[in-house]
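In order of appearance the chains are A, B, C and D, and numbering begins at 1 in each one.
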Amino acid sequence: MIVVLKHGVAENKKQQLISWLEKQNLRVNVSEGDYQTVLGLIGNTSHVDTDLVASLAIVDSVKRITEPFKCVNRKFHPEDTVVEARGAKVGSGNFALIAGPCSVESEEQIVEVAKAVKAAGATMLRGGAFKPRTSPYDFQGLKAEGLELLRVAREETGLPIVTEVMGVRDLPQFEDVDVIQIGARNMQNFDLLKEVGRMRRPVLLKRGLANTIKELLMSAEYIMSEGCTEVILCERGIRTFDDYTRNTLDLAVIPLLHELSHLPVIVDPSHATGLARLVPPMALAAAASGADGLIIEVHNDPMSALCDGAQSLRPEEFASLAEKIRAVRKAVAE
Amino acid sequence: MIVVLKHGVAENKKQQLISWLEKQNLRVNVSEGDYQTVLGLIGNTSHVDTDLVASLAIVDSVKRITEPFKCVNRKFHPEDTVVEARGAKVGSGNFALIAGPCSVESEEQIVEVAKAVKAAGATMLRGGAFKPRTSPYDFQGLKAEGLELLRVAREETGLPIVTEVMGVRDLPQFEDVDVIQIGARNMQNFDLLKEVGRMRRPVLLKRGLANTIKELLMSAEYIMSEGCTEVILCERGIRTFDDYTRNTLDLAVIPLLHELSHLPVIVDPSHATGLARLVPPMALAAAASGADGLIIEVHNDPMSALCDGAQSLRPEEFASLAEKIRAVRKAVAE
Amino acid sequence: MIVVLKHGVAENKKQQLISWLEKQNLRVNVSEGDYQTVLGLIGNTSHVDTDLVASLAIVDSVKRITEPFKCVNRKFHPEDTVVEARGAKVGSGNFALIAGPCSVESEEQIVEVAKAVKAAGATMLRGGAFKPRTSPYDFQGLKAEGLELLRVAREETGLPIVTEVMGVRDLPQFEDVDVIQIGARNMQNFDLLKEVGRMRRPVLLKRGLANTIKELLMSAEYIMSEGCTEVILCERGIRTFDDYTRNTLDLAVIPLLHELSHLPVIVDPSHATGLARLVPPMALAAAASGADGLIIEVHNDPMSALCDGAQSLRPEEFASLAEKIRAVRKAVAE
Amino acid sequence: MIVVLKHGVAENKKQQLISWLEKQNLRVNVSEGDYQTVLGLIGNTSHVDTDLVASLAIVDSVKRITEPFKCVNRKFHPEDTVVEARGAKVGSGNFALIAGPCSVESEEQIVEVAKAVKAAGATMLRGGAFKPRTSPYDFQGLKAEGLELLRVAREETGLPIVTEVMGVRDLPQFEDVDVIQIGARNMQNFDLLKEVGRMRRPVLLKRGLANTIKELLMSAEYIMSEGCTEVILCERGIRTFDDYTRNTLDLAVIPLLHELSHLPVIVDPSHATGLARLVPPMALAAAASGADGLIIEVHNDPMSALCDGAQSLRPEEFASLAEKIRAVRKAVAE
């Protein structure tokens, strides 16, 4: 950790700070420049509160040199992690094509969609049973019944299931869920992260709407520090001033996360854009930029005749997109 | 609800949409303009999925005319709500001055700070027992012991206590907490919101870093729809491109929230700026713009000699600020 | 234009507004709903100040139904525009690969880079002669001499040249520049937009750091309303809270701009990310999502041995990227 | 300047970088930590391209220790600058109350408003003659005629005039304008900044919608580096995800700019919020947080009877606000 002091700091103030740091079992390397003094802290700085130090009147800035994340860090785990759920692999060249409806509505619906997406090449089935809704008056999902219907669809197709958990008290119902999803709004629900980590099952962690890459990795660290070794990171758009799409898809995080971490990184173009007609171009863009997978909404309801612009793709649109995704991945790999 | 169709929409597509809407028990008022067709939906539109309708290929835009929030809505509750905790009132002219340390550290610390802020005019005591931290390796608070120390400080000073809950499983420990705080990262932890609402105690709800005013009100609605009637809204800065302060304090929400809702609105200048020297000007600005209260970090630890720039104010700085806040409130009220 | 009035508006206030609107030669269609009144304005609403109307106490919201842009609007010009400069075409299936150094530094440099990028498949040469710099003390470009060197490189390679203009007084020097670039910081320098439009030469217009798609189109409209017919739109990243890359590349604008406008849309991954190692994945993503071209920084300076992470690619990196771009475009087109 | 190298950098790569830096006449102080190497650059680093260095593969991060702004820097000019225009002072305890209509419309209008705001305590008159408009089809201002009418109003009231310039070619018409305004969209129109600086007249520089504090100061530096000594900085809201107000007013910049610079700082609550009813609370907040002045829109047009919510205040509303501003300033100063 490097602490840069302000210009012209009084000697006694500087000594006070150095003593305080040394009391925390750190060695302090003082480097006096022509204009500024820099303190290099050597030792275990993981318990130093950088915000506190940065806010001291005599301090100009503080910089951590070693990242605060360990389990997720590629430095300590150079090979790509491959997450595996019922034979479906994600990461290190294994591409996950996760598809399914926004909400599980009925057995007929989920089984039909599951069969359709499997035929098109999907490797996992998604579907919401517990739904996070902005309004308490909106449909909150079929809950336990939804989980049961997902199991039926899994039986019928062999596809592993991915579904979101919203609270610690519901976790016992997720014991046989293949990949447990943590939604964007819960990315910093630290209580839930820890409890999910203790289950030691594959987890799909979505980036929050206003969270940095470092915060996403720290949330993955919460999960892994409890013993879980299989976390899939998911970019799903961030909140910006932009008002034409629901969120702004931030694809540069894919190569950046691959540099910093060994975990697989997938993209959710359906929630990022909120518009079905933007899903194919953004899905192809994600594939071209090195994503390890995609999670895409596909439905088969009667509105589909009318709503070719809705967030969800129809099965035939998904099939055609899946083919293009394979072509793009091949083009990029060559 | 108003649905504006795109220019030149085919008649059969339009009829399909109208039938679909009518099947949902809505009356559809069609108004044909020179360039565009507008559908006015009459009836209970609270279950219509606006995102779905907006995404239809033939739809240009959708606008809800009645707000989706009811319990928090000033339209249905014109008088200001006054939240009361052990005699301390917030709202409708009652100003809350909530102060205390970031974390509860020891009995000596919390009691000393409590006495100091009370002497300076504070009406409630804040202090963190359960701490949300970005890193799993950072100090997570004294938890149950911290709550116990807050109770001691309450006994000593008579100040009601405000402290944050992080998960539903901890709630039983909060039964005698005077004001239960929901932190910014949990603003859309809907599971926690509902459970806190069921306790029917005063709640302090912080705005999330990237949440709109409407989303803040909908989260308050989650709490109130479970029976709670006393929610205090709290602006604590939003995340923007700006990099000089930790967050950007958005004071215009104060008059806006007062228009939309009857709930009291307070401001947290300590977390918004992250710098003690910016807390007084921002606290005064909040008071001048009509806030119903402030929540401010005050500490008395040994570092304070050194760290006049830290996020927390020293007791004497808080006392001097409290006096200016009273003067500004008087100036504005005249 | 649709004006939605607030609930319970007094009849005389409503009549005052209607009279005021009618005085502006508009026909007002009043539609009374169960809860709200909607005014439909018929006639030429292009001179109605929507901000003013929206701010009236009795008005809930205002919505323009016809877009305020005409020349750039696909509705009035359904076929794709193809911009052509010295035989190099952009738009409607013609892909522009624009490459070259950030700044023109010397004849040797610009000619060498021009030859290298041409060999790799570039269709145009970029290079800065007038440089917008945040600091007045930073290098401001070779100016007239830089333009002269670009002409030399054009002579040597036949590549049309693309270079930025910073002020109206410099425009006479740009008469034989093939594509005149307007930088992001000048996107709303309306004086410059109009003057460049009068030159009736191809223009490359970059999106501003915090500008919406509509504002970008309105700035293109400024240029086209002066007689210019060839504008290339360019996405180069927006400013967000994100701090790992210089800006956040917003690729969803590509399909969106293609819906709204007939103009070609290209992407600048070099400025968007600020990091050479992110340029290839983002360039491929842009190609996969339907961009009509890319503008990429390529240099050949001695630092290149050292700085494989700089914003600029080395010629051999560009050549390898160009090949992958062609493969991705083929995969997407199939 | 401090350059932090990545962990485990090869010795020859490090030596290459050091030689390259030394060739730029810098002394390089190498400090080897346990985990990382830090290079301290001593000498004139103002010409070092930090972005380039930061992007090198072996570099972790770069930090400038001395700010790149000089003329505007409080370090080199500790006393507050007082800008004076026809006797009206701004800065160092002198509060500027600048008021007037958005656009100059007629002699009657501007003279009437000027008299009204003077009576209420305004110290300067604002009014737009050249108007920056997003659309080329919107009213662009009365231009030369508007300037002439401002001069008439000045003659009638003695109030100095503040008005916006949009391009270098119009500058000769601004020779007797008391304070020349640079709008938010032109904050980085470097050509205009330099030319305005050469006029050596007072300048009011508005912060751009997505510009950092440092960029604002660098733009002021452009003006001052040409000889101008009187620049007033103006916060007018930034662009965020927030959608209830036009922009988000960022009041923490007031104390921050006062720390970094000796220039006066004023606030424009009218453009920041876009809603007249939010102007008084935000104006009072700005005064409470230490602003050196306010620039507020006031109109007297016939719509005012109807539009009590418009962005502009009516003269009587302004008079009442002016009184409260004086009371708040007194309360804060005590």
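In this section, a contact is a pair of C-beta atoms (placed from the backbone, for glycine too) under 8 Å apart; a residue touches a chain by one contact, two chains touch by 3 or more.
The shown structure was predicted, so the numbers you read here are calculated from the model rather than taken from an experiment.
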item	value
Number of hops, chain A to chain D, where each hop joins two touching chains	1
Pair of chains joined by more contacts [C-beta pairs], C-D or B-C	C-D
Per Cα centroids, the chain farthest from chain D	A
Distance between chain centroids, defined by C-alpha means - chain B, chain D (Å)	31
Separation of mean Cα positions, chain C and chain B [Å, integer]	39
Distance between chain centroids, defined by C-alpha means - chain C, chain D (Å)	26
Chain A: positions in contact with at least two other chains	210, 239-241, 243, 277
Chain A residues touching chain B - in the complex, by the definition given at the top	13, 16-17, 20, 46-47, 49, 51-52, 55-59, 68-69, 132-139, 166-170, 185-186, 188-192, 194, 208-210, 215, 218, 221-222, 225, 239, 246, 274-277, 303, 305-311
List of chain A residues in touch with chain D within their complex	2, 4, 7, 29, 31, 33-36, 38, 40, 42, 60-61, 63, 65-66, 75, 210, 239-241, 243
Chain B partner contacts - residues on chain D that touch it in the complex	210, 212-213, 238, 240-245, 248-256, 272-273, 277-278, 281-282, 284-290, 324, 327-328, 330-332, 334
